[in-house]
């Protein structure tokens, strides 16, 4: 007894179906190749960037200028192309900005998770979230108009363009990154801990300090690391308000230059090839440091929700 | 002892929030007040008549219209390059890449995301140097170069959002399509991508916002203070963020400074609007998934 | 199942020595079973006993998971001919629309009701546009849904209730003219009344199709099943006929097996 279909397909209809499926198969293969190509281009760009940086740095090694580049004096007209003051400048600025922004970030997060009233939490976090949309150049502009004269009048010895000014501005810019990263981690921990903690009789403040903080250690580290990396990578703020003097600072009122600002300045002033070499070395250093930071970050967290912010 | 520590922490938190709120509100208030006062046609077009300026017949000398147009072209070009590339890569990484390949690609995207913007600009600059030395001596920094470098800058957002959104779709959705008899690509095109469209769109908006506000990349790849309307993609051009940067140090009088505020406010309004759009989209996306989780 | 069934019903699905594993770990251990047209077979067992994996083996859906391995013989009778589901002459989309599957939660496309049915017809069968409305109407009638949606075919599909959505998924399947229906806990996400409506539909469908359903509910099995397979830890531990299911004294053992 054969099974009777309700509408038997005629032989030609069957053949049409077969060609339809064969066509689909071919398209399938083509599409997959295109997608792979796109991915290769995207990921290959990293290799390209590294490649170009290295390509332009190689002459330094072959011409034996490495020692000259890693020296302490940047005076191009006297033939001195040392970038170490800029390395120090970058580190100092990033460290000081973190020293201001991280505690503030902790305070804000703590406020939002138990140390402050619950009803203020959403508006506060909303405002911080909104801050991520403020362009860096706008931070720099307002700082030049507002903060620089303020520093100048408060400390008559300085021009207003200084390490201090840059610190204050940069810390404001990286604050949202720190807050949102810690906040995301606290939120995850909060969900697991809140009921049990309340049942034990802890107040929200106590929950935060004694129960959540140890559990959120990962997020705290990640925020510190990512914030530092963002501060290192910033160009505009350092360029606009740090003064750009290629020297090692002795006080917060001194003018400093970061590696990022150095790159921008040298390209703008179109000078000698030795100067150009210095910017490629600077670029390579920045690339290495930020890549290292990112890879450490990968180990620290699997995929925390605020982990991606714009640079 | 504990009581004192808790009290100390509370005081610290309140102080921190007060300080941050004060600074941010001052900052925004300052910007809005001084910026709004310059909002008029003169800000955009200077002394040139409006329609002539828009048609490109007469140059605009003291207005930001050329910078606006430059930014628009730049963002369009960069997005046109980055969106197909980024979304396609995201799709590949979410559904086709396996094992070691997937890990290496993921690593590359993460490194790309962490590269500071100035290095993207430096890459473009290096590219021109290289071309000048070798096959194209007339190569120069231009709109096209900036767009390419900006595309690289925003690529990670697109890849990340696309990949994450696709990966968080319920597994059964993919299986349902396949079990009907769709081929994997038909399934992607007609079932998965429409379901992921909101998340992907929010990634697009984030990318566009980032491209519009960036200054470091364009600083090294072809933006100038006075170029008029962009006449071609191989020419120099003006852009809003650079205009602000330029005015910060080169403003010669109060009027120009005021224009700086106006420009800054406009740029902020653009990025804020884009941010709100992306935020709204992202929040509607996560809401629907949370509900699905509750069912399980 | 074979020896207890009526003699004039021929099998349409024959499974022999089926082993399925993922990443080296075997989930199904040498299963054998037969299924017939005109009967509704139910698969019962605890979570993790391999029921869904077995169902997915029949339309090769396990291949969508990485590192899956399948050994054994799986033959289905399609259009009067016995086919091995892995044979070269049987394209995957063809197998999958002739052996159709419905899932626990309805997964509709973000389109209108009519388009949910039209799109697979167009893309999978390559059906010309003029034939689509007739097929759509017939499928909706078969799924007992036509009366409820005929006036709002252009409305988005997600406005339907849970039960209606599940019946729409069935309609979408039926439009493709399958021969074997695989149902993975079809009423699990529905409330009681909606579930009853779907069960009515299933009873009417079993006349023309081979229906194999996975269920968590013993009472559902007693209402619907002509035969039942009890799974445990990847093997079939009991095969029951309709009579067995209705018998009272079997109940305690069954409960223990399943829950």
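Descriptive notes on the structure:
A, B and C label the chains in the order they appear, each numbered from 1.
By definition in this document, contacts are C-beta pairs under 8 Å (C-beta built on N, C-alpha and C of every residue); 3 or more make two chains touch, one makes a residue touch a chain.
Everything quoted here is computed from the prediction, not taken from an experiment.
Taking the mean Cα position of each chain as its centre, C sits at the greatest distance from chain A. Counted by C-beta pairs in contact, the busier of A-B and A-C is A-B. Note on chain placement: the centre of chain B and the centre of chain C lie 48 Å apart, centres being C-alpha means.
Measuring from the averaged C-alpha position of chain A to that of chain B gives a distance of 14 Å.
Work out the mean CA point of chain A and of chain C, and you get 51 Å between them.
The multi-chain contact residues of chain C, meaning those touching 2 or more other chains, are 93-94. Shared contact sites, meaning residues of chain B that touch two or more other chains, fall at 183, 186.
Of all residues in chain A, those touching 2 or more other chains are 24-25, listed in ascending order. Residues 98, 170, 172-183, 186, 190-191, 194-195, 295 of chain B are the ones that touch chain C when the two sit in their complex.
Residues 1-3, 5-7, 9, 16-18, 20-21, 24-25 of chain A are the ones that touch chain C when the two sit in their complex.
Per the touch definition, chain C reaches chain A in the complex via residues 8, 10, 12, 37, 77, 79-80, 91, 93-94, 125-126, 177, 179, 208. Touching chain B in their complex are the following residues of chain C: 59, 61, 64, 66, 92-94, 96-97, 100-101, 103-105, 107, 109-110, 119-120, 123-124, 169, 172-173, 176, 189.
Residues of chain B that touch chain A in their complex: 2, 5-6, 9-10, 12-17, 19-21, 23-24, 27, 30-31, 84-86, 88-89, 91-93, 96-97, 104-105, 107-123, 125-127, 129-130, 152-153, 155-157, 159-160, 164, 183-186, 206, 209-210, 213, 215-216, 219-220, 241, 244-245, 247-249, 257, 260-261, 264, 267-268, 271-272, 274-276, 279.
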